[in-house]
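Worksheet: the structure to be examined is printed underneath.
Chain lettering (A, B and C) follows the sequence in which the chains are written, and residue indices restart at 1 in each chain.
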Amino acid sequence: MADKINDVQLMQLVEAAIFAADKPLSSDDLQSTVLDGFNVSKKRLTDTLTRLMQDYAGRGVTLTETASGYRFITKPELSDYLARLWPERSPRYSRAVLETLALIAYRQPITRGEIEDIRGVSVSSQIMRTLLDRNWVKVVGHKEVPGRPGLYATTKEFLDYFGLKHLNQLPPLPEFQAISLDLADTVVTTGELH
Amino acid sequence: MSDIISDSLTIQQPLPLAFVRGEAVLDRPEDLYIPPDALEILLDAFEGPLDFLLYLIRKHKFDIVDLPVNEITLQYMEYIDLMQGLNFELAAEYLVMAAMLAEIKSRLLLPRHTEAEDEEADPRAELIRRLQEYEVFKQAATELDSLPRDERDHFNATAVLADNFAPLLILPDVDLAELTLALKDIVKRAKDFQHHHIKREHLSTRERMSRILDLLSQHNGYLAFSGCFEVTEGREGVVVTFLAILELTKEKLVEIIQVEAYGQIHVKLKAGEA
Amino acid sequence: MADKINDVQLMQLVEAAIFAADKPLSSDDLQSTVLDGFNVSKKRLTDTLTRLMQDYAGRGVTLTETASGYRFITKPELSDYLARLWPERSPRYSRAVLETLALIAYRQPITRGEIEDIRGVSVSSQIMRTLLDRNWVKVVGHKEVPGRPGLYATTKEFLDYFGLKHLNQLPPLPEFQAISLDLADTVVTTGELH
């Protein structure tokens, strides 16, 4: 069957589906569920989503696309006021959690030992648990070294949570300043200077 | 804990560290002065020795790539000693770093042969590399934290489903073989308690009976006898229909009515059935 | 404090709050949370809500006021399509359902009583409902015996589902024909014809 659906109905259906779904919906998700049987072309669906984004541009909520698909979120400018709806929400994360997450995000796949080497401190199980429980990271394999430690990588949920479509949308890492030790000089002078 | 400390201190044996320690409290630069009772809190604010070293380097406006080992080691040891003196539980990583700094410092003091220099890396290089790498990710973590994120900068906007919403029910699949299997079971059971008639009534008649009843229902239970037949079905079809009507009559499901001789014959569902 | 908020900001904030809240928000809820400190008059808030309702009139979700407050609800006309977002698999049919269906298929038109007689157990209303709901069987008439029980027959949907053009394409069951299941003692001999 290939039922007809007009542009207004199509937009309403896509809009309602994204608002009603409990997770982001990709184009494929939409095609295989609410649009199943309507034979809506890829282009027509993209146009509809673009049109919806435009419709909501000046509103209190916006349609955004992240790694897992489309969803409506509230305008970031309103967050301070909206936070009053949940007096004790908005979890804060410790630097240890954020540094570990940053290392997994930029260096994935990475073992816990490698994270510890770079941070210079041990990474507590509590930290890994926090990241795993939030579904931000997962074990994607095991390194073939003694102990076969798990290799961690970030998930789609991580990207969704931070409003990203791809990992390459992460802020670029600052460049290392080249180590410019002039060995001959420094070795001689260091001793004298200090 | 104190054993580890004395171990790490022995490495620095050639340095007049004891003397420095004696002067430490008085000589501490003002911007680095931290009241002892705040030390523990301070240490909690650092993510380990690399973080702490970076803090010292930045405070002194040193350049990492030009790591002034003497200065840094001096500062680092002062804090470590102070904390040891106050009986703070120091994480092992801090002590390992103290040992490493002492070692670098001592290696730098050793006289070297010029020919060997090319092969021998600067003892500071590895620490500098680690400090740089750590600083990169320290900054990356800060940037990650500043990205707009769920539950803090934006919230999911959702709508509830209308009252008439009902989830799609996926009905179970049935295979034709399951039907015949079910029937075989019935037959098997029935054989056990039924007397046997031989009966060779074909399905077509039963199906046609259903169809005629259905047809009658659609016509308010009353239809011309000829209306029950589909001439295009041919002779066989007509015969099946005829037998079906007879069977329906026999089962008292329909009546055949003829008001006058040679008049129109009608088939009627029994008892005002519509 | 009584901060200023312009009409556009007010509408965006109210809109985002209702979309983000996990329960309906009343005017009072709005005043005591997101609008706290803005000194928005009752009338101004009502006007804003009315305006929002109008804005969403032609969309896939509509702003509705219920007893406990305002919330966005998907358009009822879309429910059938949205249902495909959450499919529920129903359990397989029981032996009783299959036997009943088989008897109706092979012995139609047949009453429930006759099915019970043949199966030797009672046939629950639930079983008949399952088959009627699936549109595989229907009542084609009533038998003129006390109680006028309905006569069940299979439907065109039944044939379509099993890929049959006619009932006589059902697999023949020699054992079934050899035994009389006809308790009403209506033995007809039509065998020669087919």
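Couple of notes before you dig in:
To be clear about the criterion, contacts are C-beta pairs under 8 Å (C-beta built on N, C-alpha and C of every residue); 3 or more make two chains touch, one makes a residue touch a chain.
The shown structure was predicted, so the numbers you read here are calculated from the model rather than taken from an experiment.
No other two chains have as many C-beta pairs in contact as B-C.
Each chain gets a centre from the mean of its Cα atoms; the one farthest from the centre of subunit B is C.
Centrality annotation: B (chain centre taken as mean Cα position, compared with the mean over all protein Cα atoms). In this assembly, the C-alpha centroid of subunit B lies 30 Å from the C-alpha centroid of subunit C.
Once the centre of each chain is set as its mean CA position, subunit A and subunit B turn out to be 13 Å apart.
Computed centre separation for the pair subunit A/subunit C is 38 angstrom, with centres defined by C-alpha atoms.
Contact with two or more other chains is made by residues 16, 19-20, 61, 72, 74-75, 82 of subunit A.
Of all residues in subunit B, those touching 2 or more other chains are 155-161, listed in ascending order.
Contact residues of subunit B toward subunit C in the complex are 155-172, 174, 176-187, 189-191, 193-207, 209-211, 213-214, 216-217, 236, 239-240, 243, 247, 250-253, 269-271, 273. Only residues 47-51, 64-66, 68-71, 91, 93, 97, 108-109, 112, 114, 117-118, 121-122, 124-125, 128-130, 132-134, 136-145, 147-161 of subunit B touch subunit A when the two sit together in their complex. Interface residues of subunit C facing subunit A in the complex, by the touch rule stated above, are 8, 11-17, 19-21, 33-36, 58-61, 72, 74-75, 78, 81-82, 84-85.
Every residue of subunit C that touches subunit B in the complex is listed here, in rising order: 16, 19-20, 61, 71-76, 78-79, 82-84, 86-93, 95, 98-99, 101-103, 105-109, 118-120, 134, 138, 140-145, 148, 151, 153-154, 161-163, 166-168, 170-171, 173, 175-182, 184, 186-191, 193-194.
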